[in-house]
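After this come two complexes, each holding subunit A, first together with subunit B and then together with subunit C.
This part shows the complex of A and B:
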């Protein structure tokens, strides 16, 4: 287990290097005259040149990257070109928003998805057909559209929830629930549908296995077979789906954060990308990459724990 | 089996229903602390959405436009501007030029102190103007003409100019006239914590940078009546949809918007305010024919003006939110001439005749940069094509558009520029040194008019500026289509006055509707 963990950690570090280097090259080549963006349309060439030098943007790409990397390793992600605030501070205030949005969404979508998927697989009949129809409809609705409909109905017409904004959990629990409910609902509808479908087919696959028939022949009750055998065997593909959904939701959260004006990483990333705020873009990228790597690692550990065969592989 | 399944389904439905009611109940409780309630209670608090995050609070780095509302709250300016663009005293009680407009004498208001206790005096004016001029901020250009600030006495400062700058008084009502505490200028602390003498003080404890900024009234402000609200909150909402939703649901009382939202907003009982601000159209920059020889002939440039249906674009793309204008100036400017707007009606036949006279009966080719965000591109291509001018678009990265079009690679290009004071607008686009004159074109006649305007004042200045306006319209230096409206939407409990030169109203332009 220790070797497995070590191997995955080394792979993760290499991956982080590769991602940051690639991102630096992409931002650099995508261009955009950053000094011009900061100084505005009336700046003279001398002013632009002076600011470019001040920001260190006139140095070769490799020098800029190595310099950034050296600071990043010590935890210094630089200062935003546009607001002058340290990137680490911005990330620290925005990470909890995105994490609470995505974590709550994944919890909700997993619980509801598993219940729906297992029920559909076990019960079949009209429940199964109903679930299939729901899935097709829910999956075809873009989450920002769902978000806009939710705001229009529950925030503007009924006034039950605030239309925009975020109240941190530590400030007010009820406030947090009120600000996070609509975004979470918008974000989970599609993933409940796809999760339920995946879990349904995983459970159906296992139910068809010979050993299930044997267990039934031995007279075990249906709940025992379902909870002790079927679900455990259907779990690994389901866990993988959940991890993919988590990562998918991180990107889905970008749009949802815009619609609901949640001050999360997604909004920060979009604003920084539009303006060419390189330190902020790189900060968000590193943090997101680390989150994805950790989630994948946790999923691998979970799968190994559930299914001993995976350890050998 | 079937009955059991149905029973379970009903149980599940009840569980889901109960959860929803529970969550809704919690949410309902939370809503009592939302800003809606506070606002409904009266006029003590004003909550506005701002489309951009605040930049640094260092006075040398402040910006006009959307971000002006941030610094309006905490900083005061030497002069103030009225809704009709007239300039009135601010921190300076009096302002007067000498005979040749090269020395501006400011008589300063007595008794103003900054929030750190520093006094406002002539030394503070000198420190602020030097700080702005020597800084790397966008608006250092506003005090570029000031060569020296002379401290005459404690409450009198003289701004000595290298050459007359008719726009200076306007600049002193904007970011160019902001006064920060001389003890704080250039320090690290002022980047995140402003030290001014404005109507409000930033509550750094309650504010969250990038999300929302809370302000309380500055008890020492010299003109409290101009600011009826005791508290101010500015919420950063970059997305238009989020701003509209926040306004409709009562979370904020005012937002910057665009034409696409006006009808819906008015249907929801909100008030829309409009004022013409951004000039849109083509800059026919290559007037010497460097990259497109045909453009050297004024008849060709006039033909372009006749060939494009500007009113059609105003109605079709701008949804009518604006006014037809062939000029690069603001309607509040001393040199704005309404009669010039009739000079180039949509007349493709006339365009063809002019091209024929100029020797381009078979037309010519021109490469234009394509700004993906601009919807008029295909119309321009088609309508110019109909008179024989073959446009090829080259894709340009939107964030790089300004750099590309100012590079001198394109003979003509689409652009939207804000308009303000006459000299300021002229100086941006007309002289050979102007950033919006990428081919540095000039004529002796025009240079003479600019010199005449620079040294003049009053009627003489207005006449010289009018002559410049007429010259560039006659010679078709541009193909201006219209002045697009700045659009601001507010809740009915707020009365808003549009700023004549800024995309959003200043904080002083808001008042309770009943008072």
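This part shows the complex of A and C:
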């Protein structure tokens, strides 16, 4: 187990290096454009060159990357080209917003997705049909469009929720709930649909197994077989699905944060991307990669813990 | 990048029949509708110049946020432009972007997958590593970051998205190539002098074409959503109308122009939905009949004569004295629902009796319905199958009249079941000890410690040398022969009166087969069990059965004692079976019919 953990951690660190290095290569090729972006169309070539030198973008690629990396390892991700605030500070204020949105969403979508998927697999019939139809519709609609419709109906027309804004949990629980309900709803509908589908097929796969028939032949009751044997064996694919959905939600949150004007990582990234604020973008990328790596590590551990075959190897 | 992919990667079974995939697809009304809808959308976008009522970019100040139904059918947008015209023109860039993503992803993914799968080695390792790296990245965040570098060039962004989707193609193609690389027919192609390229083109691309279509449709749908998202964030090309850009406009005018929201949203939804339905349609067509809906088994009708007292005595029927026969199957008809709504019978009215202390062999070719009889006795026919007529009596009690709870008691205490495949009949997630003790604790209501003690004794009895070690093992850690011994121990653990053994030795090595048969015989003598033994092997019958019933096409053609059958077979089918299986049997009579 320890060597397994070690191997995964090393792989995770390699992944982080690869992502940041790749990002630097891309940014380096765009070198001149960055200063032009910042100064605007009217800037003279001298001004652009001066800013490029000032930002250190004229140094060789390797020097820039090593410099950035050395600082990054000590927790210093640089200073925003525009606001002058340290990137780490911006990330620290934005992260809780995004994390609370994504974490609550993954909890909601996992619970509902598992219940729906298992019910559809066990009951079949019209429940199953209904879920299939719901899935296709929910997966067809982009989450930000769902968000826009929710704002239009529940915030603007009915006035039940605020259309935009965010109230932190520590300031007011009811305020947090009122500002997070619509974003979470918009974010979870698609993942409930795809999650329920995949959990349904995982459960159906297990229900077809010979050992389930043998368990029935031993006189065990259906609930016991379902909750102990079937769900246990359907869990590894389900855990993988949930981890992919978590990563998908990080992407989805970028759009949802824009729709509801939530001050999260996504809106930070979009603003930074439009302005060409490289340090901030690198910070968001690194933070996202770290989150992805941690989630994958947890999932690997969970699957190893559930599946005895993986555990022994 | 699989986070954005809808439905996941398709699994392919190379053995599934390829013929008729197109025909099955065309018979699926939903998939055909989706194909037509998508074709109409594509055509409308291509012919935008002809069918759009006006210019997508012409602004009229008097039409700013104009409601639908007037001069502009779908109203005017925030800049006074015709929503309908914009909607039709906007599809162009959206669909082109999706096409670019699919082409880039499939070209990179399929090519690298073919090379990695066929030549393996270093390239395979590097490509696999890169695929794993790409697949975990959150797509939208990467594309947003890239915007800082590549600027407002949505088609380039879509090409990058294609690179990020390439691993999905890579994995499917690589795995498939590895699966068929060493197939005999590919070897044959190689031996007959075909070049590697021709082998790949002919055999492997042929097999992966359906999964590629499925993936392409799924990825096209995902790409449309991602592209719309980028445009909604303002990272698109502001000069060209796009569905995502129209949603951005709708967002900006959310308070004054709510009519702007639905047209682009539904356009995306319908296009993406069509892609998903096409992917699902191809998948269903590929999986063939297996994917057609399995109806829930109808509950067998409870006959009126079931007013007789129901036994509640630990599953041992109270009416045992009524009828001497341990198991009596009378006039049993087993049928399955078919696609067309009819019933197809696989067992046509058979009678069978197993007495206590007797081993009844049920022998026949595969497909003759013998396993169906065994499963009917257990009440465990697969979905769609049911006992249509006749009944199964245990000590004179009609099993169809029992409640599910009573049936579970009968299964737990009175009937033991030995399945065919030892490895697939043990739950891979639980230790052997747990799997042995759980039914005992549930059926006999004994303590965990007592159940463990009994399980150890049982394992010792069935010839397992280190019961404790095996109890602590997972199924994958023991051999097939051992697993079958464990299953036999499980079958007799609650002291049943009747044993149903469905081809108990078929999946085992020849040397182990005889030992397992001896074990069943010994246990049967010790405990005076009645045994219904399903087999296709007359050798097994000769070894341990007392009586034998010969089945053909769902009917019993002959049922007598083993000696009589072997000495004096009467039915021509029995004679031909014996002639084909038993060494030293009389020469086969020439075929007359």
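Simple rule for what comes next: the second predicted complex is superposed on the first by the 302 of 313 C-alpha atoms of A that agree within 3 Å, B and C clash if a C-alpha of one lies under 4 Å from a C-alpha of the other, contacts with A are read in each partner's own complex, and residues count from 1 in each chain.
Following the convention adopted for this analysis, a contact is a pair of C-beta atoms (placed from the backbone, for glycine too) under 8 Å apart; a residue touches a chain by one contact, two chains touch by 3 or more.
Keep in mind it's a predicted model, so treat the numbers as computed, not measured.
Asker: For the overlay on subunit A, clash or fit between subunit B and subunit C?
Answerer: Aligned through their shared chain, the two binders clash on subunit A.
Asker: For A:20, select first, second, both or neither according to whether it touches subunit B, subunit C, the two together, or no partner.
Answerer: A:20 contacts neither subunit B nor subunit C.
Asker: For A:156 in the superposed arrangement: first (subunit B), second (subunit C), both or neither?
Answerer: Touch partners of A:156: subunit B and subunit C.
Asker: Identify which of subunit B and subunit C touches the larger number of residues of subunit A.
Answerer: Subunit A has more residues touched by C than by the other partner.
Asker: Now for A:259: first (subunit B), second (subunit C), both, or neither, which partner does it touch?
Answerer: A:259 contacts both subunit B and subunit C.
Asker: I'd like to know which partner A:194 touches here: subunit B for first, subunit C for second, both or neither.
Answerer: Touch status of A:194: second partner only.
Asker: Which of the two partners, first being subunit B and second being subunit C, lies in contact with A:167: first, second, both, or neither?
Answerer: First partner only.
Asker: First (subunit B), second (subunit C), both or neither: which does A:110 touch?
Answerer: It touches nothing on subunit B or subunit C.
Asker: Which holds for A:40: it touches subunit B only (first), subunit C only (second), both, or neither?
Answerer: A:40: touches subunit B, not subunit C.
Asker: State whether A:217 touches subunit B only (first), subunit C only (second), both chains, or neither.
Answerer: Second partner only.
Asker: In the overlay, answer first, second, both or neither for which of subunit B and subunit C A:127 touches.
Answerer: In the superposition, A:127 contacts subunit B only.
Asker: Tell me which region of subunit B runs into subunit C after superposition, given the options 166-174, 256-264 or 454-462.
Answerer: 256-264
Asker: From the superposed pair, tell me which subunit A residues show up as contacts to subunit B and also as contacts to subunit C.
Answerer: 30, 33, 37, 125, 148, 151-152, 156, 163, 258-259, 270, 274, 276
Asker: Which residues of subunit A touch subunit B once you look at their complex with the stated criterion?
Answerer: Going through subunit A, the ones touching subunit B are 30-33, 36-44, 47, 50-51, 54, 82-85, 90, 93-94, 115, 119, 123, 125, 127, 148, 151-152, 155-156, 159-167, 172, 174-175, 177-179, 181, 258-261, 263, 267-268, 270-271, 274-276.
Asker: Looking at the complex, which residues from subunit B come into contact with subunit A?
Answerer: Touch residues, subunit B against subunit A: 2, 5, 8-9, 12, 23-24, 26-31, 33-34, 53-56, 58, 61, 63, 136-138, 140-141, 191-192, 208-211, 235-239, 241-242, 245-246, 248-249, 251, 397, 399-400, 402-403, 406, 417, 428, 435-436.
Asker: Quick check: in the complex, which residue numbers of subunit A touch subunit C?
Answerer: Contact set of subunit A toward subunit C: 15, 18-19, 23, 26-27, 29-30, 33-34, 37, 124-125, 136-137, 139-142, 144-145, 148-149, 151-152, 156-157, 163, 194, 197-198, 209-211, 213-222, 224, 229, 232-233, 244-245, 247-248, 250-252, 254-255, 258-259, 266, 269-270, 272-274, 276-278, 281, 284-285, 288-289, 292-293, 296, 306-309, 312.
Asker: How about subunit C: which of its residues touch subunit A in the complex?
Answerer: 2-4, 6-8, 133, 136-142, 144-151, 221, 225, 228-229, 232-235, 247, 250-251, 254-255, 258, 261, 265, 268-270, 272-273, 276-277, 280, 293-296, 315, 378, 380, 404-405, 408-413, 415, 417, 419, 421, 424-430, 438-439, 442-443, 474, 476-477, 487, 490, 494, 500
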